[in-house]
């Protein structure tokens, strides 16, 4: 049978990235508390393609996933990237996994437990480095819902202040190991209060009072998270964005800081 | 050329509805303040198909829209439904339009103006009625963002109370004419406060204090809207749902009431 | 502390359904091949609320899920519904789970394996039946991607025919046990061809030729699925909808049949 | 009343971008054929914030839009950016508009007309340039649905070939004026065939045969579009991505090329 993909390209331009996306996959992720947890990922995989080849062999991406079948960690992610590179005979391999990571969380007063799902992602690229080495660029994403209480509304009003759900989205590169849980905690302490899956009445009282004692603009939230990320010993670069579902508007408020951490 | 659609069906089962969906269309809508406004609609159109025919002629739906080219109103919507029925030689015709309807809204103290877009919909079906008449079933949808302040959080906390954005979704059948604006107002008075496109500091103070003076559960919101809809002289049936983006949780709270209004 | 929820309602109207939605949860589902599989669900839970009570105790829904912690099956779903009814002291309890169900699928010629995720759902309501019994209304949803080849395009063109991805969405009530896999197979045989996670060249040749030998309109697909569902010994009611991402248009084509199966 | 926003920041880190997003707005866009057209935009606006200020005045973004009220063009977009910078006393201003742009399109044989909506975007930033000048970075986005026929499937199969809807997403910077229509045409000629809102039978025959005579991988589509963009006299940079809703898989295929055009 003809291998059309291997025939010469009509237009001789190299392709930065070609592959498959939006593939659903059950996934096991390393878990700080329980060792491992089961979740579901949406996966994109790609490679670069030189100017001379007409097409990629798309089925090999799925074969790489079939063969991989591992618990997600930085190490296993690198293994997948290297395998994709080899199977597709490419210089660069790219992978992006989005998945819910679940943490059992206790409420602040009654200690009632419930599971919270945090949208996380692994994004990475492998390419040849100097002198036959391999260069990896890996990025972790963690999205954390928060509560924000408006400092302006609180300062100018006789009583109350508007509050709302916000989400803090962290993308970061690491220079040492850290658990996803560390970044969830870091994010949660940047808002007026964390959000919880389960709150009994005494917990709701606490969350309300605690959040009102800590009013935060999106500007405060993004700066606080940026400061913590900068001071984290194992973060080398980050982009942090907060988006707040303003309760007094139909539109949202947002703030973004991107930064290389000074190496110390 | 062969007309495959007109050939007999292999499986002789009548089809309840067949057609096209997710078609984008610029639309002019009747507007209480300005006479008319321009917006964009997403359109679904369908008909029933008897057991004996293999297929529908899908291009005729688009021709019906091309030919229609009218300002959206109950009357013009009926015209479209009748035209679809005729062009496709069907007993029943169905149409569903979703669009943003814009209202210029003044803030409560400074009177600052801004435009708010409300997601609205027209849904309708035409079919033969008794003695050669035509029967129409038309439904209006209006989605209105609101602010809710939690009564429990307010009652049990030393200060503050959590608040959040919520959305009230009304579906209704009318027995007389009413402007979309009437249902927006009705919906907004069911929450702790309306939301606004533009609030100056004095407005934000007012909205905060007003909403804190009117704490509402989703249960209160849906009941208040239901009561107003029941008492509206031109509403014969409604389904009203509120969904609240709880600021203390990552999940939402919702409440639904569906009701035929007693005719008086 | 005050129990505001238990205070009398200001507006004395019963609420059809009140609860929480969009809660993420890891889930174990009964699996025909492997006994059980891990996935992630999005969960809605609700109850009815009499006219006399101001509010529901929302935290009890999350407690019910925490306590449930079971493998999803018809039986365990009933257990959850009964527990929600009891915890919230309600007449009716409602639950809706949406989740990906994974099946390892072999390609038609080379037998290459890959995982396919199918969006599935369990929806159910429990309420009191006659003479102290409990009445359950349970509904299974299975969404299956398909390939359709257009019979008209094939018949009128010198060569080729446009094809596209479509999705068949089945909702059904059962009168006896059946595996999700049975409805996936039933759905896949209704299109021009199933879709596959992994196809080698010989498989792609087969799928192309097989699908071109079986051109199907959305009308053909929905009728074929309806016929199979009607003949299935354990289906008592269904609603089947196909939506086809037409490759020659930016809009989609759809067809729907809803039917009670004659009991035999 | 207190101006909390003007108080000093607790954490002294500059913010890259802070503002509002997801605001709905009716919009008039310059139109090649009719002079102007009405559509609806989703708008994001932002500014940078120095380390020393606690907060931005969010209401001024909405005031800028209220005051702007212009037909969208490169010139009016610059005016908005400059006004946002001034009102918020910022160094940098950012704006992003997403909207449907409608083109009346004739089918290839019968010349039947219908409207097609293309998702477009304007993205821009204004900041101080050298010697008191202003520097603008403006980007146009145009998303164009296409049909692709698989060359491999066609080459290896006795008859037929799988085809599908794809979407080509162009982002580009210009060095001279060009209509949106030019990029739509350029994109449509990169696929196996354009898609149409309305096709009569003779048109469907033509589109089928034309597309089968031009089978294209995503690799071919992205290269063809890249070549045309590179040769366009008024494009200085582009990123072009194609995503194909594979009819034989549940996942998609994609390809990306990003490039600075050599100035000639």
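Read from first to last, the chains carry the letters A, B, C and D; within each, the first residue is number 1.
FYI, contacts are C-beta pairs under 8 Å (C-beta built on N, C-alpha and C of every residue); 3 or more make two chains touch, one makes a residue touch a chain.
Keep in mind the model is a prediction, meaning the values are calculated, not measured.
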Using the touch definition from the top, list the chains contacting both chain B and chain D.
A, C
Given that chain A and chain B are copies of one sequence and touch, is their interface built from the same residue numbers on both sides (over half shared) or different ones?
same
In terms of CA centroids, furthest away from chain D sits chain C
Between A-C and A-D, name the chain pair that shares the greater number of C-beta pairs in contact.
A-D
Roughly how far is chain A from chain D, going centre to centre by Cα mean, in whole Å?
26
From the mean C-alpha coordinate of chain A to that of chain B, what's the distance rounded to whole Å?
35
Per the C-alpha means, the centres of chain A and chain C lie apart by a whole-Å value of 29
Where chain D touches two or more other chains at once, by residue number
1, 23-24, 116-117, 152, 156, 197, 199, 201, 205, 249-251
If each protein chain is taken as a node and each touching pair as an edge, is the resulting graph a line, ring, star, complete or other?
complete
Show me the residue ranges of chain D that touch chain A in the complex, using the header's touch definition.
1-2, 4-5, 9-11, 13-24, 44, 46, 49, 54-56, 58, 151-152, 155-156, 217-220, 222-224, 226-227, 243, 249-258
Under the definition above, what is the set of chain B residues touching chain A in their complex?
116-117, 145, 147-149, 152-153, 156-165, 193, 195-197, 199, 201, 204-205, 207-209, 211-212, 245-251
Chain A contact footprint on chain C (complex, rising order):
1, 3, 23-26, 37-40, 59, 62-63, 65-66, 100, 102, 112-117, 197-202, 205
